[in-house]
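By written order: A, B, C, D and E. Residues from 1 in each chain.
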Amino acid sequence: MMGGVAYPMLTVVTFFPLIGVLVLLFIDKESKNLIRWVAFITTVIEFILSMPLYFRFHLGTYHYQFVERIPWIKILGASYHLGVDGISLFLVLLTTFLTMLSILASWSIEKHVKEYMISFLLLETTMIGVFCALDMLLFYLFWEAMLVPMYLLIGVWGGPRRVYAAIKFFLYTMAGSVLMLVSIIFLYYHHYKVTGELSFSLIKLLATPVPAVVAPWLFLAFALAFAIKVPMFPFHTWLPDAHVEAPTAGSVILAGVLLKMGTYGFIRFCMPFFPHASLRFTGLFLVLAVISIIYGALVALVQDDMKKLVAYTSVSHLGLVMLGMFALTLQSVTGGLLQMVNHGISTGALFLLVGMAYDRRHTRLIKDYGGIARVMPIYSAFFLIATLSSIGLPGLNGFVGEFLALVGTFKSHPVFGALGATTSVLSACYMLWLVKRVFYHEITVTENLSLKDLGFREVVICLMFSIPMFWIGIYPKPVLKRMEPSVAHFIAQVKGEAAMAIEHSPQAKEKMSLAAYLVEERKVEVRP
Amino acid sequence: MSVQMLSVSIRPLLPVIVLLVTGMMVLFMDAFGAEGRESHYGYLGLAGLAIAGWLAFKMWGTHSLSFAHTLITDKLSIITSLIYFLIAGLTILFSPGYLRQEERNLAEYYALILFAVVGLVFMTSAQHLVLFFVGLEVLSISLYALAGFVRQRDLCNEAALKYLFLGGFASAILLMGMAFIYSVTGSLYFQDVARYVIHSHPSVALLLGIVLVLVGFFFKVSAAPFHAWAPDVYGGAPAPVAGFMATAAKVAVFGVMLRFLGMAVYPLKVHWIAVVTVVSVASMVIGNFAALRQDNIKRLLAYSSIAHAGYALVGVAAASRQGGAAVLFYMLAYSLMNLGAFGVVSLVGRKGERYVKISDYAGLAAKHPVLAAAMAICFFSLAGVPGTAGFMGKFYVFASGVRAGQIPLVVIAVLNSAVAAYYYLRVVYMMYMEEPKEEYVFTIHPAAVIALVIIVIGIFQLGLIPGGVLSASYSSFAWFMS
Amino acid sequence: MKLWVLGAVFIPLLGAAVNGIFLWITKKKAHLIAVPALFASCICSLVVLSKVLGGAHADFDLYLWIPVGKFVVPVGFLIDELSAVMLATVSFVAAWIHLYSIGYMEHETPRGYAKYFCWLNLFTFFMLLLVSANNFLLMFVGWEGVGLCSYLLIGYWYEKASAANAGMKAFVTTRLGDLGFMIGLFAIYKYYGSLMFANVFSHASILSSSLITVITLLLFVGAVGKSAQFPLYVWLPDAMEGPTPVSSLIHAATMVTAGVYMVARCHALYNLAPFSAEIVASIGAFTALFAATIALVNNDLKRVLAYSTISQLGYMFIGVGVGVYAAGIFHLFTHAFFKGLMFLTAGSVMHVLHGELNMQKMGGLIKKMPITGWTFVVGALAISGIPPFSGFWSKDEILAGAFFHGHPVVWIVGTFTAFLTAFYMFRLIFLTFFGKPRDAHLYEMAHESPPVMTIPLIVLAIGSALAGFFALGPHGGIVGFLNKTLGETVAHGKEAAGVGHLLLIISVAMGVLGIALAYSMYIRRVPDPVVMARTLRPIYTLLYNKYYVDEVYFAFIINPLVGGSRYVLWKFMDVAIIDGVVNGIGRLCRLVGSGVRQFQTGYIPDYVWMILVGAVVIYWIGILF
Amino acid sequence: MIGWYIFFLFLALLILLSAVGVVVMRHPVYSALSLLFNLCVTAVMYLALMGAPFIAMIQVIVYAGAIVVFFLFVLMLMNLKRGEYEDKMGPWRIVLGIGAFLIFLLQVIALSGKWKGWVHPGSRGVGIGEISRLLFTRYVLPFELVSLLIFVAAVGAVALAKKRL
Amino acid sequence: MGIGVFPYIVLSVLVFLLGALGLMIRRNAIVMFLCLELMLNGVNIMFVALSRRMCSAEGQVIVLFVMAVAAAEAAIGMAVITAFYRVRGGVDVDRAQLMKW
């Protein structure tokens, strides 16, 4: 494998936040500032630690890099197996980046600061774990474990309906992913039956094609888990609730990283595992993606609550990512992947900015604002930049991803590409309308007259967000170059294996119903 | 089968003898010792358990059949013994504070727990149904007494009464089943039954016997539809005892169930898998759904334990060595988290267990963060969040189910576990997301803290690095037919 | 060459960046950065133009922008005759308008002032990028970038509701067009495998003409939005809410002509898609007439100019639609001067009248502000096609092209529109600058603008007056020069010089006629316009309300969309149905839970029953399996 | 042969009737007495028909003699005040008396060693020696465990019932 | 051969079921306990019958154990019932309905 680094970089990156947790445990909970600084410094170091991943990443190979592998549960064949490739690299970086800024944005939290920071650091570890894990069991562990800190973040530090939102978030996600667990187990044993080796290794499991008769079902089980996380229409309703109720930083992470896990799941697991089934369901997912795009945008258009609006835009944007992925061209997938990063940055920034307004006015209703560009010029400027990034204005990051995804989609599915492109108009509608109602016009609400503009800390946050927006918008090549080999490999995997699966699947099994297959399976087992 | 000569080796009984002696010592010291040292009996009991555990552990890897082949010492019996010792130890750690506050800190309590453990050990070491039955009765009778131990409390009495009648009824059914099996096979040795079953066609009477025995088992593990006693008894019994009942008996009965099904009547698996499957589904559904509307945390835990029995039965329905290992592992995990939960309940409940509503936990995290964290960890583990023992247990059980082709059952199980997350989360939500309504004035006995620490460590250990325990439980089922 | 091009394009960006980042420092001194930047850029552009005149071409990449597999898009520049002319035009006009802005914006707040110059610089950068890009995507960057700056500048006075609305309307409407443009780009990439102009145009003919038709139509949709053609023109009149120099630069001289440039740039494709070309010409002709009729009755100084712009843009599209691309670009070039000029003069009037725009309140202003007035007259003469002013030359090229390329109807419409143009322009002049002052108070306020504003007026007036003479240069003048890039269109002059002259005379006559009619109506009051409005009330009302297009859009598109989204999609579909199902499942579970609980009676005999029944049931299950 | 059947049916009828009695008797004491009767008749059956004299004896001594009497004792303890059963006992007194006499008779016969002729010839039966041999070989462990069982029951009962708190 | 084992089994099951019936229809705790004993008695009949059938003492040994168990249960049972009686003032199990649902 590539990247023979001397020290376990990924382990360090994944678990470093836990050191911060340990330190926090021994700090008196009343010294809030110390707690904040410790947490912040932890995430800064974490971010710095994750930078070498970018710089030492080998270009031109799709193999996993910085791989670490030690046996974990020998009897199950599970191993502690980490690695990143072009697909996950930027998601890891995005995570460390966003977490750092989220902590910085959480300075205004006054309630249970210690617990808050601990939850956040735990969340960071689990999120990075999800993106780095190359062992299915390890992946699932991080995947579900992540729910707990997020549940607490929403439920403890959230808004008025936080409990409903938190429980809905938890249950919805969990309900989706349990079926995936069954599928993972099935794959695991299928691999065992074929090769005689117990292993959860992603690479090994990928090498064992699944019988055509069960593949669609397994695919759907995986897809359900990920589609809920994405969230795709019609599984999206947890998202507005969760976003609206979550604390600002929670929303940032939720939108910035958690949603990506869904799309990441599709590209890393769902589609490569079941290429044949993926192709079979392409139509369905393209339709759902387009519905998500348009529907999310239209619903976002008419929201009264800023956060809810931004939440629905996530539905729309992630729909675009899904569209790109299922279109299965190099450009569309790369674009989708880049769009994941972009969405994390721009929507993260938007949530943060909405949160800053909320900190000042304690309302997120659009009608309570209006004309604040006059009193908060810096804020407005940054909001505008984030808006433009979000609506895909050329020169900013959103455009590159959006255009690539759409141009690639158009290449293979012109109609969907064209329908997906409506996002450019719709996003302009909802975002600019929002900007107009919040920032423009005269100030009608007197409280707004005395709003303070951003402080130093907030400006720093916004600047940090702006840098990647411009960078990816103007010079995305380093990013794209790192993604490309992995994406190409992904496409080859899906398309190539799908072709093989069609060739090699025996007709008899093809026609067998699932029930019959299961009975057959059990018979094999029953034989004494 | 001809009558075997008595094998004289008493070695396999050493741990049990230690326990018996400890139990007797407790009673004698109580009879002749000074007043007011009741808690010390608990520590004496702990010492006994530790010694017994050490002795049992030393036997790891040995395999022997003794006492005319009625007693088996194998990995399963040792590992389950160790689990009982652990459970009993944790229960004892939770007890002194609780009993003192209930003014029932009697030596008999500790003695009864130790004797119950003796019964448990014999249950899983039995190769003969009669030995099992007598062991079961030792356990049951201890539990009847323990359930009603705080005799001045209404609920305690009621719990004891219900447990007594229903337990007695189940015992009678179990006996009837044994009688039927005996009528067909002519022996109550597992091996003899197995020998008979392999070579003969199943008769209606034999199936009836098996089913009745299974009913007895199901009753003890509180699987639906034989679960009805559980909520009432767990709800009424003193919280530490409820924890003990909910865990120890289940571990033992699952162990025996696996021995019985996996060894004695394995060839009839088509029949018993169907039975186990149905019961498993019923348990999961009834347990989880009924728990959704519970306000009383003890009853909630009871319903949850019904559901957990259902999950574990998935592993039984897998009818494989791996399934057995999974069930064993699951039971260990389940024991830890349930003991932790009941332990916290015993602390928060205060005198007379007046605070056992879920709403009584509002804001606990703000007042007792460590206690709340322990409770939350137990509950997340019960909900099956990865990284905890509960997840690993569920995972392994479901894995065995999938491997055995029981996919519909596993799907039902995972969906149920998603439903279950709701009520677990509700408690966590109460602790963390509600404002405290009261002051939470209660003292936490240091022993209870130790127990909670052990439990939390155990939960994470089993959840993150379960390899050793998994291997051990896998190797415990080497005898499993397949 | 490379450096000059980069200089021309990026110096404004630099200016924008400096003003943008150091907004707090530059404040009222922002113009000290912005204006020199623009003049530097202008000089660079002129150098580039001169080199191109000498026969030099350039097509170079700065760096690879988006390389994904075969999709490789650089940041690269293409300098040929077309882009050189565009570069020069844009930077030249922009430079003077920047200068003018110093005076016009003097009363703004320091922050606003710096912001204004930042955006204006940024706009120029994007516009230059648009015209000098060597691939579709980079052109699209400029295309969208100018849209953004247009949005920002229209909404410059964002506290005014109308300005805020107008900005958004402009952006969204043009984005609607851009959607088509974008899909066009997708199609180009899909079928040509590249977005580089060089690759696409050199292989233009590899596709079937139907496919090319589709692509070109999609591209044209973008042009319709950006260049405010029917039916997406509605944003442009509203865009007048912005500061007048902005209207001048963006909404008259440069940005709105981007669509024309784009069509001209894609002439290789349009040549292969006659149907698309036909559509382009038809839309252009229709828009020209349609907008002109609205301009006839409008009383708002800037809006008349805005409708005039739309109308003139229609002319340009006639030009590029009928195949005389060079003529279209030539008209773009002259239009940049005279329409830029007219807006600036209008701005000058507004400036001294403190924002008053109603022509009916003005009159006789020429006495108070002679430079402004007379330069406006120059512009009006140019637009009316009176020789030798610039508009005459370019409009004539277009109309002749239309006639000779077999579009007589277009020619008739164009010529009639020329009459209307002359009429409404001089109506404007007579109402504003001549006659008696109708509002004494306003008249009292009026005075000539400061030199920083009048100098650009004079410069542009000279341009408007004389730019047409470029047509007389050697080798076909500017048209011939442009044709080096735009391909050899059939030279109509050779075919029928006589007919050509006749057309010329008709067109000039139309202009003169329009002026005369305006003079008679608004100076002599025969026939009295008020009486006419009364007699032709239905028509007047229709025109006065701009054919009710905005109202129709609101009633049939925007309101249904918003209402449908709110009540059908959100409240019904999302909250009631989807979330209802989700919550319903939860509620169902709880209901089942309540049901299951009922078994738990607490009564021991009942439990015994349950056990017994359970035993029987599982026994039968055991037997049956 | 048929005689044995009749005898069996007779005893079975008695057993069932007394069992029904246990279930349906209004008064708990009657139920207890029914159970006592039931157990005794069962003992008779063991003795006469099933060749299990030892069990029969234990049945009577332990079960009937100790356990049921224990029940009665508890019953009395709790229900003495009601005094209901005194009135309603009339017709049953004779039956019970006859029953008691019969049992006594059977016991005498059994103990006198003259019972062999009464026993169903099909059952050779197993001797007490066999029972004890089994008890101390195969069943030695359960047997020992039973001692613990009884002890536990005692400890438990004491814990639940003893005066000291 | 005499009476086969079958009638005894029928008898034993009937007794057993009657005991169960008693548990289901009676409310008095002590009577219910009697019914429990009745059930055990039913089991005993079966074991003894089997012992005879198989010419083995095993069944009878088991019966001994059952009796021991019954005795132990009786002891603890009476203790529980007494405790219950003390607190509730009665032994009817419908008093034991504090906990339900």
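Here is the rule we use: contacts are C-beta pairs under 8 Å (C-beta built on N, C-alpha and C of every residue); 3 or more make two chains touch, one makes a residue touch a chain.
Just so you know, these numbers come straight off a predicted model, no measurement behind them.
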At minimum, the number of touching-chain hops separating chain C from chain D is 2
Take chain C away and keep the rest in place; grouping is one piece
Ranking chains by how close their C-alpha centroid sits to the total C-alpha centroid puts first chain A
Of all chains, the one whose CA centroid lies most distant from that of chain C is D
Taking each chain's mean CA coordinate, chain C and chain E are separated, in whole Å, by 97
Here the gap between chain B and chain E, centre to centre from mean Cα coordinates and rounded to Å, is 26
When centres are defined as mean Cα positions, the distance from chain A to chain C in whole Å is 38
Chain D touches at least 2 other chains through residues 133-134, 138-139, 142, 146, 149, 152-153, 156-158, 160
Residues of chain E that touch at least two other chains are 19-20, 23, 25-26, 32-33, 56, 58, 65, 69, 72-73, 76, 79-81, 83, 93, 96-101
Each of the following residues of chain B touches two or more other chains, namely 130, 133-134, 137, 141, 144-145, 148, 151-152, 160-162, 165, 169, 231-232, 270, 293, 422
The chain pairs that touch are A-B, A-C, B-C, B-D, B-E, C-E, D-E
Contacts from chain D onto chain E in the complex sit at residues 1, 4-5, 8, 12, 15-16, 19-20, 22-23, 25, 28, 31-32, 35, 38-39, 42, 45-46, 49-52, 54-55, 58-59, 62-63, 66-68, 70-71, 74-75, 77-78, 120-127, 130-131, 133-135, 138-139, 142-143, 146, 149-150, 152-154, 156-158, 160-161
In the complex, the residues of chain B that touch chain D are 3-6, 20, 27, 67-68, 70-71, 103-104, 106, 108-109, 111-112, 115-116, 118-119, 122, 128, 130-131, 133-135, 137-138, 141-142, 144-146, 148-149, 151-152, 160
Counting only contacts in the complex, chain E reaches chain D at residues 1-3, 7-8, 11, 14-15, 18-19, 21-22, 25-26, 28, 30-31, 33-35, 37-38, 41, 44-45, 48-49, 51-52, 55-58, 60-61, 63-65, 67-76, 78-83, 85, 91
In the complex, chain C touches chain E at residues 597-598, 600-605, 608-609, 612
The residues of chain B that touch chain A in their complex are 267, 269-270, 320, 365-366, 369, 380, 385-387, 391, 395-396, 398-399, 402-408, 410-411, 414-415, 417-418, 421-422, 425-426, 428-429, 432-433, 465-467, 470-471, 474, 481-482
